[in-house]
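Given below, in the form of structure tokens, are the structures.
Next, two complexes with chain A in common: one pairs it with chain B, the other with chain C.
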Partner chain A sequence: MKGKTIAFLSGKGGTGKTFLAVNLASVAPSAVYIDCDVEEPNGHLFFRPAWQYSRTIHVPLPQVDPAVCNGCRKCVDFCAFSALAWANGQLILFEALCHGCGGCMMVCPNQALCEADREIGEIKGGTSAGVRVISGFLKPGEATGVSIVKSLLTQAGSGCSVFIDCPPGSSCMVSESIRDADYCVLVAEPTRFGAHNLNMVHELLRLYNKPCGAVLNKCQPGEDPSRDYCLHHGVPILARIPFDERLGLLNSNAQIAVREDKGYREMFQALLLRIDKEACDAAVGHS
Partner chain B sequence: MRQLVILSGKGGTGKTTVAGAFIRLSETRACADCDVDAPNLHLVNVAYPLRDDEPYYALPLADIDPALCVSCGECHSICRFDAIIPGGPYRVNDHSCEGCGVCALVCSVGAIHMKPHHAGNMTLYKKENAVFSTAELKMGSGTSGLLVSQVKKRMNAVVEGDIPFSVVDGSPGIGCPVIATLSGADVTLIVAEPSLSGISDLERIVKTARGFGTQVAVCVNKADINPARTRQIQEYCKREGLFFVGCIPYDPLAVVAVNRGVTIADIQCPSGNAAAEVYRRLLPVITQRSH
Partner chain C sequence: MIIAIPVSGKGQNPAVATSFGRAAHFLMYDDETGQYKILENAAMGSTGGAGIQAAQAIVDSGAEMLLTPQCGNNAAKVLAAAGLRIYKTDPGLSAMENLKAFRDNELEELRDIHEGYHGH
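Right after this comes the complex of A and B.
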């Protein structure tokens, strides 16, 4: 496993993305774990890293000089996001709607607008028993953490295996998170919910032409629509992890299973080898 | 009509399972699935004979006419979303483009226009005078907040008569779709999970919800997986003055229900009974009879 970037995604939330990414990073010889679920980051709760640095993330926010603004409303007309309005003789900015494109400044004939930085969150980096841990945190109330994800992905460095913990869903945040991935691991639950969202996220990967395999988690006897989906659509099943109360308890206390138990360590070492092989085969197939 | 919104912060805690049960228990005639990135409610909230589909157009995206592009690179250097792919001619990455129109503004040869962007589909399910509004965003699309607002608007536009409250299922996280879901919510039920991750995520969604003047209530799903963490959530709610509505146990039959396409309120199971108890306790708050 040398220098590959593996992304963990799921569509549905709570299927075990963080559980897999954290445990696999912990058995890899030299690993970087990046938590791109900046809305609800949890990886650091498991790693409990000693943070070595933090950096605030800013987005540009327009500011108007009321003394210069003559109320021409060119900016209001231009703004595609309806973030600017003219009311009661003044220009009003709805911060939450602004995407920071800079268009309003460009169309203003009087240079009445300039930009200030607005903090939307931060990234932090540290280490935990040899694993480099990098996490992003979106401030509650902020609409999008795409710029935090972009910043996180510049921190990966080279030479290490990179484990990217994606947000749930199949939105713009996920596409941003998998941009540099060499291989994607889909994590799914044995329910119709799980299978439906597996389908959505699998479509996304096909769109980006990313090789992938699935880990079926929390399996119990009986029907498994996610397994059926994989078999029908030729998604290799990398592992089936049965529902396991002990694993559930370790995980709910944010303990890293492979650091607690030799059996789990062996299970994850085997899974890492399998993923590595799939990723290598995919790279050969691609070139 | 009051609005009950079901959120969780963390994914996979059981929002949709609880929402499905509440729709069945309340027999409400208005409900919606606002988890447009991964909608699932339609898989258990069935039996609406009528279906009405409509495409969802998000903000128009930039499109470069290859015949006119002179590859000057102006658009590439001005775009703040890394959405322009250099080359001869330049191209637009639809998944990164946010539709601001700045590239079209600066293009000196008029090669860039904004083209309609079919970003998803909205569906209204109907039966007699009941409505269920849902939507699915296309993979990799942005602006999910806008679609969430549309889903709610479509639900509100067609409800007839006096309905005490609607039930709205939300998405995980705290970002734009959640913010759009919270807007207009009278009561927010947060389905929490008894884990360290679940508690961290609960605190973040509570912080987010507080900005919206909605009443916040909390229940714990799969409570018996970690009783100590469940108690911790109860204590947190007490400290923060949040209404703790009760616990739902881990229940393998919940999986069986989902896979049969029914809610946990439709079959005899421990999680269904517990959800009914949570519903009974929350009802006065939803209908604002008392707290």
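Right after this comes the complex of A and C.
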């Protein structure tokens, strides 16, 4: 696989996004692993990289000049996140709710708002046995890590295979994480809940017209609503990974399965080839 | 003076809502005329910042007093800036009964402002 950007998504946490992204990056030549799950980054717990650099991330924050503000409240009405309120002749700012969009400053007719910077987290980069590892860390209590995700994606470089570990769900941060993805892998559990969450992220990908396939994880004999969903909606099933106590144990010990076991290494090498083929076919189909 | 109470219904004697920011309506009682009206809570289904929006609406309505079972710190910050005072409702009483209890000095000021449920 050369130079493809693959994103791993799921509608809920705990399906195996990190498990897949970490293990696939570990069998790929010249791989970059980017942990965009900035609220709870955990890929680095497996890679245990030697961090080589870090950078703090800031977002613009409005600052009001009370002498200029005439209380028109255009900014209060504009803010979609209720980060501004007006009471007793003063503008009240809720910093943690501010998404840093800058809209309040644009709608202010009197230029009473100016821009200040606020630190919301950091990104770190390092290496682990040949894999470049880049992780984002959002400070607790912050409303959104979109700016951190944006910064992370600029670190990918060129010519490498990029494995993007997305946040769970279908939030703005997920939309931002898949922006540059050539192909998306949906990770789902074989349950009704799993199928519901699979539908959520699949809808998001259709919105952005992103090619995708599914990996069904922790599969057991019997019904599999997620497989049924894929068959019904024409989502290619790239792999069905069985419920496997050994994998669970390796994961819970923060070990990378492909670095511990030849069988798992072969399984992930085969999956990587399949994803590469799907991504190439999609690229041809798109052009 | 106008007294606001978050309520879950619009009937003659509605129950007090369990939350402030996500209450369905606010009962606005004017203790000088004895009349009341219902204010819809536009913030009820908000994805975030409901307490702030609800507090803004209460401040804009001109109310000076809020009777509520609980209140988050963001909402309390807006209410405090406007000089509103917050009293804790008695969970065993309806909205009207709470108003009577307030007039009889049987309610206490709300002191346990919670952290809010932001991001959950």
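Convention: the second predicted complex is superposed on the first by the 246 of 287 C-alpha atoms of A that agree within 3 Å, B and C clash if a C-alpha of one lies under 4 Å from a C-alpha of the other, contacts with A are read in each partner's own complex, and residues count from 1 in each chain.
Assume contacts are C-beta pairs under 8 Å (C-beta built on N, C-alpha and C of every residue); 3 or more make two chains touch, one makes a residue touch a chain.
Not measured: the values here are computed from a predicted model.
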| item | value |
| --- | --- |
| Which superposed partner A:Ala143 touches (first chain B, second chain C, both, neither) | both |
| Touched partner set for A:Ala87, first chain B, second chain C, both or neither | second |
| First, second, both or neither for A:Ala96, with chain B first and chain C second | both |
| Which partner reaches more residues of chain A (counting touched residues only), chain B or chain C | B |
| Which superposed partner A:Met106 touches (first chain B, second chain C, both, neither) | first |
| Which of chain B and chain C A:Ser252 touches, first, second, both or neither | first |
| Partner chain in contact with A:Pro211 - chain B first, chain C second, else both or neither | neither |
| First, second, both or neither for A:Val76, with chain B first and chain C second | second |
| Set of chain A residues, in rising order, touched by both chain B and chain C | 81, 96, 141, 143 |
| Of chain B, residues touching chain A in the complex | 8-13, 16, 37-38, 40, 43, 59, 78, 80-82, 95-96, 98-102, 105-106, 136-137, 139-142, 144-145, 171-179, 193-198, 200-201, 204-205, 207-208, 211, 225-226, 229, 252, 255-256, 258-259, 261 |
| Interfacial residue positions of chain A with respect to chain B in the complex | 10-15, 18, 37, 39-40, 42, 45, 60, 78, 80-81, 96, 99-103, 106-107, 138, 140-145, 150, 167-175, 189-193, 196-197, 200-201, 203-204, 207-208, 220, 222-223, 225, 243, 245, 248-249, 251-254 |
| Residue ranges of chain C touching chain A (in the complex, touch as defined) | 43, 46, 48-50, 52-53, 55-56, 59, 74, 77-79, 81-83, 118-119 |
| Interface residues, chain A side, partner chain C - complex | 76, 81-83, 85-88, 90, 92, 94, 96-97, 141, 143 |
